Amino acid sequence: MPPAPALSIQGLSHSFGPQGVLDDVTFSLPVGRVGCLIGPSGCGKSTLLSMIGGLSEPTHGTIAHAFRHPVFVFQDPCLLPWRDARDNVAFGLKAQGVGRNERRCRAARLMEVVGLAPDDVGKYPHELSGGMRQRVALARALAIEPDLLLLDEPFSALDLGLRRQMQALVRRLIDQRNLTAVLVTHDLAEAVRLADCVFVLSGKPARLTARHDIARPFAERDDGFVHSEVNRLLSDPATARALAVEDMGHGGGQ
Amino acid sequence: MPPAPALSIQGLSHSFGPQGVLDDVTFSLPVGRVGCLIGPSGCGKSTLLSMIGGLSEPTHGTIAHAFRHPVFVFQDPCLLPWRDARDNVAFGLKAQGVGRNERRCRAARLMEVVGLAPDDVGKYPHELSGGMRQRVALARALAIEPDLLLLDEPFSALDLGLRRQMQALVRRLIDQRNLTAVLVTHDLAEAVRLADCVFVLSGKPARLTARHDIARPFAERDDGFVHSEVNRLLSDPATARALAVEDMGHGGGQ
Amino acid sequence: FGGRPLSAQSLDQFTINAMPATPSVVVAHLVENNALSAHVAKATLKVWRTPDQMRAGVLSGDMKVFGTPSYSCANMMNRGVPVRLMNIMTWGLLYLMTRGPEIRSVSDLAGKDVVLAFRNDAPDLIFRLVLRRAGLDPEKDLKLHYVGTPTEASQLFLAGKTEIAVLPEPASSAVILRGMQAGISVERAIDLTEAYGKLTGRAPRIAQAGLGVSEDLVQSRPELVKAIHEACVASARWVLNNPASAGRLGADYLDLQPAIIERSLPWFRLNITSAAEARPELEAYFNDLMEMSPDIVGGRLPDDRFYWGA
Amino acid sequence: MNWVRDRASRALDYLWGGWGAAASLLLLTALWEAGHAAYGTLVLPSPRDTVAALVRMGGDGRLLPAVVETTGNALGGFVAASLVGGVLGAMAGASDMMRRLLQPIATLMLGIPAIAWVVLALLWFGGSGLAASFTVVVTTAPIVFSGAAQGVRTLDGDLRRMARAFRVPGPMLVWDVYLPHMLSYLFPALASALALSWKIAVMAELLSGAGGIGDGLATARVQLDTVKALAWVLAVVGLLLALEYLLLEPVRRHLQTWRREAQGGDSAMTRGLL
Amino acid sequence: MNWVRDRASRALDYLWGGWGAAASLLLLTALWEAGHAAYGTLVLPSPRDTVAALVRMGGDGRLLPAVVETTGNALGGFVAASLVGGVLGAMAGASDMMRRLLQPIATLMLGIPAIAWVVLALLWFGGSGLAASFTVVVTTAPIVFSGAAQGVRTLDGDLRRMARAFRVPGPMLVWDVYLPHMLSYLFPALASALALSWKIAVMAELLSGAGGIGDGLATARVQLDTVKALAWVLAVVGLLLALEYLLLEPVRRHLQTWRREAQGGDSAMTRGLL
């Protein structure tokens, strides 16, 4: 089914000093698809993402991709404390050389899209709530019209409604513009709802221990499907072991 | 059912400059119970929590409680960047005057309890993953044996297994030591699993728009119960409206 | 020392605070020879390093007898500090140094660059007075480069920044010595004291510096003041007769090389004269200074009490 | 605490602040007066006499040219020091190698007494004010250098990674990411360097006979005219205080904008600290 | 980049660093030699002669007492300035009111030339080294003050709230929360102040005749003995460089511990900046 891989990772290992973090990770992702990384906290998901985006180099192995505008939503929002919300959203645009008025305009529009109120525009990061900061970071990433999205738990601080909205927004963008995305999340329902392919990392150092393809098109994934898919994932022993939920039964309620 | 309220909030309003954030919030919570605040991102949950803990003062209204050791898990981990993980966990103990060796010992034990490996002990915050930082913050809060827990999305960066473990840990502590807790979360399943009472905030400025009691004892809350409780919550129109999920049907899969 | 009541008995200890210049060898000799033994059990010499130190010492009463430029002492008195001038020790120590032979008289200076130190201080005023009397305008007819101290002036002069420098002793001797070591021929082209005398129609003498004394010492121990003055006169005679020994003696006290002291002694016009005796010359000097800069002696001539007499 | 109260409290704070400065200046004047009473005019002239002398010197037309000259020397040196120190400091902060290369030079410049430079400076720059400016550069550039280096070195690693992820071009990286962070380190260094500049310029003028206030001060000292000497010092100090309140304080407040908290909670806390 | 490579690169970096300092010192010596060739001994003696004179002075037993005396004056002043400046600066950083009260005094102390203090200092402290120490305090305390104030002011509001939530007692608040943050501001200020201390001490000794190196320098200057004068300066500079490498550099590295990244990615990036 997959066309030529747009992102391909071969035998990737990484360690910080003496501590091995990732060991021989190999996978690939075609253009237009969403890959999702799940795994226990501290297993190296963020590290992997930053290597895909070229922010750090793997100790061994190769990462090949042909994307020209990868963009990050980091696990921490990483906003510039000395710029207000709008200028933070416009940060990537400024880096691309978009003129001041246009980027401010586009930033304000995007802030609306991620559900921020007009009077949040001028707030500095320390005046924003956690979820608002996360949305500013999301808007900043979406502003620059990337071709590869690297999302590290981008919706973790959002409420149910907003989370659904943002998920739909991101998936719509991906489908419309034929973007590729790698998503890190701890929420299996989110993984199942957004991803075409779920990669499970686990162990110390972490290896790829399972992989699940989710074939149904995004538009047709209703709550029932999500629920049953999550249960299917959890019924896979490798996945359940990775998430340490073997002993909890297959409760999709999480 | 509730005994004398240990925490009682009366007509509390708050605004930052001209912007009203909370409006006439009134509720109370008996000793030994877990109250859960849910509401859309940016509605003022963290603000309310910090007022309960005495870190800021409400513009109007009163907060009364008799707790002597309230403790916070902030939405951001707020670790001291110049102290390693263990010393961060021991921070509250040091503030209480616990001797160096004892607090280091206790900190190391607590780090084990929250699932951190022995070789994480000496890592500085910037060397920890997001979920590890969150667990360090949790361990720091639990270390000082508080009587009031103020938890602001304390498990949001944890994987499924760890999240369940931590939930169980916290609830066990609460029941054993007869602590009181106020929990902020965006995860309804978590709310239903942990809380005795769910308060729904919404609007701008935010008011208390719904309240749900969850009577069944913690030990008996299995996945099925959680699932059906979440659906019950979402079937309440005020709650669904607050979380902006009216249009999505009552999918508990989230 | 300070506020101890002074009696007619001899003092345990007495300190003379001399200037950091060659004439202080006179005081060194006097101290070394116990010339004050009739009045003081132990006399010592201290050399002050900066005028600030001297001023602070005089103001606080720590310095009872101190080396001082004559105009400074007059200025202090005019500003209400109870001091007198005891005597004049040096009568002119300002020289115009050149690196070439072309300067023979003051009028040759027209159009030249000259480096000198202490703007608006006495040496500068004397030099400018000489220029004026010789018909040169210090602002227009030549270029004066001012620097902070004679040290900088000497260095710039030796480094070739200018051909001409106005230097007081002992800097002028030092410059000749250093010039010799570096193979630069330096000459004392003009003795400004002589030029000044000629142009003002007076003897080649400028009452430049001597010892000042606090009023309170003059009142309480006039005999000690007198003894100091007389010992100075005696020691000066010895110093002039034994320049080499004086150089060695002064080297320890002044922290100067014996060679520099020995070489500079003849150029100091050493001659101990009590202030009362020197009064006409002092007043002439002060008047000339005031012509250039009225405030330098505090705006007026000091009154009679200023001139201590034996 | 509602909005009106907040606003009012901030206005009050500002007023209080003004009072603070005024109180401090009054206190100093009182001390000065007391010092005068204790030591007399020859050591410390009275404030009244000094101000009168200052006014007289202003009337004579001697004050302004000297102040302008010294200000020129001081500011020239300060600007050069800020540029050189800032740029080299930023480089030293960014690369350990650079720091190792430049740090000894900075230490040297800080540690060598002006008196050791003065002849070289005179040879290079003649008796002009450049010699004074040079001395200012030599002394203040290392202070700016330290601040700038520390500013670059301490930028949050996450923000650096973020900027890299967004492929921020060089000038924008400097302007939007490094500079706002560095400013918090540079500002105190620059403020110290600015105030120091006048003092050094005056001392250098005095050492090199370069004119300006240094010259006036030297003459006043020769004449033992402590009133006039102090009047010169007062001119420098007045200028510095004016600079402090008309330039530095507003800038300081402006730089704080993004840190300001809307509520009063924090200051209550810090008050607890004291 | 694996662990071994990382270790090796850090060791290499250290070596390179040492080379950097050595290279920089060699370059300076070469410049000095060139200056000597251009201007001659009377303006700038040769390095060889200067070192020889230094050794001779050391042999005579004149060097050590003077260096000890000046070091005492400088360090005494520096320690006092660090304490006074640090504590008052922390207060000024914590309360706006305090800042407004203290800032003008700091500006004043920075801006008043030493020469204006010297008579007062002499009257208060006699000719002793205290006058030099006093001048050091007056000049360096405001630099430390600025750094300390900025350090306290810029502590992250969230950390402050966290500390408050944990009811951290005063001393621990200072020690564990404020100080580690402040250090990043205090350190460059303290390093500048330390280097400046010697220079100021020497100048003050020279102005007030208080002995120590200043005295030696003054004597050498009067005799036009440029070799000896430069040897004195070299003694100061050598001392400062030794301090830099034996004290400040290790401390600087130690303070950075918690910032250190395990990987080399970042430095590649900052190299991109240059």
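Per-chain numbering from 1; labels A, B, C, D and E assigned in written order.
Basically, contacts are C-beta pairs under 8 Å (C-beta built on N, C-alpha and C of every residue); 3 or more make two chains touch, one makes a residue touch a chain.
Which protein is which chain? UniProt says A, B = ABC transporter ATP-binding protein; D, E = ABC transporter permease subunit.
Note that the coordinates shown come from a computational prediction; the quantities given were computed from them, not determined experimentally.
The chains in contact with subunit C as well as with subunit D are E.
Chains D-E form the pair with the most C-beta pairs in contact.
Because subunit D and subunit E carry the same sequence, their contact can be compared by residue number, and over half of the numbers here are used by both. Chain centres here are Cα averages; for subunit C and subunit E they lie 40 Å apart.
Per-chain Cα centroids separate subunit A from subunit E by 49 Å.
Our note on geometry: subunit D versus subunit E, Cα centroid distance of 17 Å, whole angstroms.
For subunit B, the set of residues touching two or more other chains reads 16, 55, 76, 126-127. For subunit C, the set of residues that touch two or more other chains comprises 55-56, 59, 149, 155, 159. Of all residues in subunit D, those touching 2 or more other chains are 39, 43, 119, 123, 157-158, 161, 164, 206, 221, 259, 261-262, listed in ascending order. Contacts from subunit D toward subunit C in the complex involve residues 39-43, 118-119, 122-123, 126-127, 206-209, 215, 218-219, 221-225. Subunit C contributes residues 20, 48-50, 52-53, 55-57, 59-60, 62, 149, 151, 154-155, 158-159, 170-171, 174-175, 177-178, 182, 255-257, 260 to its touches with subunit E in the complex. Of all the residues in subunit C, the ones that touch subunit D in their complex are 51, 55-56, 59, 72, 75-76, 79-81, 117-121, 145-149, 152, 155-156, 159, 161, 293, 295-296, 298.
For subunit B in complex with subunit E, the residues that touch the partner chain are 50, 53, 55, 70-72, 74, 76, 78, 80-84, 91-92, 94-95, 97, 124, 126-127, 144. For subunit B in complex with subunit A, the touching residues are 16, 19, 38-42, 44-46, 75-76, 115, 117, 119-120, 127-132, 135, 152-153, 156-165, 186-189, 204, 222-224, 226-227, 230, 243-245, 248-254.
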